[in-house]
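Below you'll find the structures, each written out as structure tokens.
Next come two complexes built around chain A: one with chain B, the other with chain C.
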Partner chain A sequence: MKLKDILVASLFCYSAISSAETVFVTLEKDNAIAVVDPVEGKLLKTVEVGQRPRGIALSSDQQKLYIATSDDDAVIVVDVNTLKVVAKLPSGEDPETFALNSDGTKMYVSNEDDNQVTVINLIDHKAEKTVGVGVEPEGIAVSPNDEWIVSASETTNMVHWIDAKTLAIKANTLVDPRPRALSFTADGKQLWVTSEMNSSTMVIDVATKEIIKTIKFAIPAVGQEKVQPVGVVIDALQNWAYVALGPANRVAVINAKTYEVEKYLLVGARVWNLAFSPTQERLYTTNGVSHDISLIDTKNHKVTKSIAVGRYPWGLVVKK
Partner chain B sequence: MTHYWFALWGIVFRELFRFVKQKERFLSALVRPLVWLFVFAAGFRAALGIAIIPPYDTYILYEVYITPGLIGMIQLFNGMQSSLSMVYDREMGSMRILLVSPLPRWFLLTSKLLAGVFVSILQVYVFLMIAWFYDIQPPIEGYLWVLPVLILTGLMLGALGLLLSAFIKQLENFAGVMNFVIFPMFFMSSALYPLWKLQESSQVLHLIAKYNPFTQAVEFIRFALYGQLNQEAGLATLLAFVVFLMIAIIGYNPSKGMMKRKGR
Partner chain C sequence: MLLVSNIEGVIAGNGFNIMLIRFKRMLSWLCFMRFFVLLVSFLGSGAVFSAPNQEIRVAYLTQEKKPLAALSNLDEVVKDKGWQGANLGLNDNNTTGQFTGQHYSLEKKLVALEGDVKATFLALLKENYQLIVVNLPADKLAEISALNKQQALLFDVATHTDTLRNENCMTSVLHLLPSRAMRADALAQYMRKKRWNKWFLVIGNTSEDKLYAQAIKRSAKKFAMKIVAEKTWLHSFDARRTAQADVPVFSQVDDYDVLVVADEQGLFGEYLSYRSWLPRPVIGTQGLTATAWHKTHEQWGAVQIQNRFKELAGRKMREEDYAAYLALRSIGEAATRTKEVNADSIKSYLLSAQFKLQGYKGKPLSFRPWNGQLRQPVLLAAPTSIVATPPLEGYLHPKNELDTLGFDQPEVHCQ
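This part shows the complex of A and B:
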């Protein structure tokens, strides 16, 4: 076999193994979701789903997509195979982000305009309760052991700790201005919260609910006003954390052990949200203003590709 | 046949020996693109704007963009340096010794060119190595694909230098080469800004840059560095090389070319 043949064969094998995943991206201005083969770098199709889709999640059996269609005041359920809307959930007004519990039976939706969190039962699709929180709740997450629901209020500058059993707020943590997104570490011991206005990310100890570290971002040759952290993810091994820095068009790569920022990776304009591939070998970013998603090789911390997907990509999920 | 090899080796070795002996030349050949990379590119980081252009698959920093242009710059300066040394050789009389050897003129001149190209490739790889530590890291195979491309682009720019050397009467005139050849060629090319950016500001400048052989050489290098073949740029570079070399060979022909005219 010639060298060229070996190269072609190995490339073919690589793509055959790697293109097993599909990325679903919500397109805020197109009122649609984009279906993308990330490794081939192809937009497979665009499907209309409802007005201003933003938050998106996959059900635990990977068969349903939940999408917050903000201007329809609903979270819709989409069959992942047919891409047809199969149900509408009573999310309350203007849903933007939401979180699921680990067995996929409960959904917690942030209602920004009503300053509350709506709890939806995913078995009978009914709203069970609303929990009053601070002003403009946005980021929301459930702890890996399902003990806590945390909600970040953008204007109150607080993280509210809601007991998942009683649905009562048990504690509040004051954080840097305009907290946007939050994410638990896999072991559930830490909560990472991004602050849009202070160009920072805080690491909170779940046991004490206290901030143990504030990581400040500063990018050479980029104005500080542009550094607006939004999405945050931490890998399963808790070696690396990644923070999307909005109009700075960069993703910060943070050593999750030392909390040092190791690198800033250039991606598309106004990077908003982040999602790992199933094996966490790749990280995907939605770039709102440049209308594309970027792929980051998490082993080498390099941006390998950017793929045009449609107008104003907002959130994304990756299906195996 | 052996005396051909002997001559080629002699010429290459002489050029290499001269290069190694002149440490300042090696240093300045490296410092020039590195200053551009570390100082100029840092100041113009946001200059490119948002656009993904082939061969890049994603957004790049300005320093990544200008790296192939700076490789071209190394080879351009090296080509001109060769022409300078030709003028020096002619003034010192060693050119006469070279040209009266029983080998064909085209062979002697091509050997002289190859010697220059060999030196420029050494400089390019040292530059790429330093750039790697500055986080400019093309795919590994790119370093391999770029080698044959560098030979052709080096030959083309060397042939241009050779051509010019046939026209330059004295060493002092080299400043003119800087002003009228190197700077316009470098600035009116895709080395520092992509063609689409030039088109936005001036259609005429865009056309000049598009047909500038240096642009073709830079694009040929840029694509090769990312494992892709830019056929159009490759053919344009080859064509420019053949044309420049032919004129240079005619220029060095004592009965027809510039040598005769100058001999008066």
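This part shows the complex of A and C:
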């Protein structure tokens, strides 16, 4: 018993000292993923995965990476330990982004060229159904209670509310031009949607499907047309929301209670996607044009580090 | 959501059976309430859509063109430039329309070479078409615009003519393609950035070439560049056979940084590259060109529309197609947001600050209210790649950097 305790304690210690987490970043132009130790600030390795990897997610047991390799028309499954491709999912053409349900049994993929969402059963790896949506679907999210799949179409300028049980569209919310990313709050009551062309982010009430707040971004001395919101995340306590502003090279820090923008943090060039560390004390950003990721300290709202990762970092996930 | 969590709390407490019955009652009440909420939001004018069943009728007016002389007989002749782009825009609008209860239709009127464009236009007005995409040369556009009397909103998808955007501007016409002035400014911004300050201007002998050269001269002045030599290409010999010998002779002028060519039809400009007396880059209508769209453009989601277009048309997208696509998409955006279909409402929405169109060029597109010109980045294209996308970094504007290209508000004298 004692030995085991010591062993457990030493293991715990080891993991606490060596690294809090690992970040996996898709590199659109390197056809690879970067494996990064963010706390040490080190790029551990780069692993080739397939053509033009973009969307990335971690399975609920943290053992598999799902990666959309857009130009291979597939979502691949990668073993998180060996970093070898173990399966290919029938994602439909040109998959860019996708979302998983809470128990990890279903994947919903946006097929931009075909104006549809493909539903994949993750147990038998079969495509179950396609749902027709608006023109150029991109951002997709599943509500925390698995009731809704929400798909944003970039040219139709709507978010489509798909009933997860029947896979029928139940409602559509017209949003600002070119909606890119969406994110539910942890309590499932709000959906945040970014609009690339209107420099805005909308907060939608999930119960009524109506926009309750539109947050406009404006940065002194930065041209308004450069302010192009993409990725959005809200912390679990719903105190802060963060929006990546693309070629404005900044992340907006928004008070999630008052919807006031409190700060713009300068990160790398063309910041696109965001992910929290497991305890949410850090936020990571992918900066497409400067080929790096930035680390944001979420307590003090300061950018602490940037790590070069490879060409055109697109998406990222964080493993405990 | 609040109600649901309350129910869960109650169930977890005592008296489970009674609670279960109560829960069921509440659930049915909740279902009813949700239905009611949905009903209200469907009926209301909120963000969730109802089905108003609106028909949006768009006409497309064009005329057969006389086949023009070409540099090479092998060049593909595309007869449906513009029309296929309009169709793609129609499809996209109808995909959106299924969620808004709106349906778009497109009526094509192709006037024969010797036919009467004015009569066809009047017939369209009589049939109460209020939204008309016009793919006609500048003189024909001016003729029908004079008959319009603001009954219809016209979407010009063909002309580059500067005067139609300035002293001869027309009410109720929106121009989708960049004017010659915008193209010349885009090239000038790039040449300025490269410090190619001394230009040798070579002009063809058509009236369009002269208009292009005028725009180049205006840009040279605007960006403080110097035209050190100017020559007209006279087509006085068989260029195909003797280009190798004649271009070096023709191009012996004082030293210059860049050769700017004005040859819109493409009859001799191609011969200048690699053959000029001094080894200098060629820019303008050949060499590095300024265009609204290009087959190699793939940034900012452009790959998606390139693919969708090719699937529909079986060929690559040309700039007239892009213009007609944007015309239909502008109509779609206005109809989706205003739920109106008449020319006045569509026009006032399109000219308002609310209108922002995604055009696959990295910046929101909008119309200049002072002359109806679509603001847009201009692609600078080499034959097989995009070199730059002005407005370039550093060319500042107090309101919108896109207005560093072409005629800005104070320069425009519309009646």
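Observations
Keep in mind that, in the parts below, the second predicted complex is superposed on the first by the 302 of 320 C-alpha atoms of A that agree within 3 Å, B and C clash if a C-alpha of one lies under 4 Å from a C-alpha of the other, contacts with A are read in each partner's own complex, and residues count from 1 in each chain.
Here, a residue touches a chain if its C-beta (ideal position, glycine included) is under 8 Å from a C-beta of that chain, and two chains touch if they have at least 3 such contacts.
Quick caveat: nothing in here was measured; it's all calculated off a predicted structure.
In the superposed model, A:254 lies in contact with neither chain B nor chain C.
In the superposition on chain A, contact is made by A:178 with chain C only, not with chain B. Looking at the shared chain after the overlay, A:303 reaches chain B, while chain C stays out of its contact range.
The partner of chain A that touches more of its residues, comparing chain B with chain C, is C.
Within the superposed three-chain model, A:269 lies in touch with chain B and out of touch with chain C [touch as defined at top].
Legend: residue contacts after superposition of the two complexes on their common chain; A:294 is shown touching chain B, with no touch to chain C. In the superposition on chain A, A:134 makes contact with chain C only, while chain B stays out of contact range.
By the touch criterion given at the top, residues 42, 45-46, 50, 52, 57-61, 137 of chain B touch chain A in their complex. On chain C, the positions that touch chain A within their shared complex are 1, 37-38, 41, 46-49, 92, 95-96, 99-100, 301, 304, 307-308, 329, 333, 336-337, 356-358, 362-364, 400-402. Across the complex, chain B is touched by residues 41, 220-221, 249, 266-269, 289-290, 294-295, 302-306 of chain A. Every residue of chain A that touches chain C in the complex is listed here, in rising order: 94, 112-113, 115, 134-136, 153-158, 160, 169, 171-178, 187-189, 196-198, 204, 206-211, 223-225, 247.
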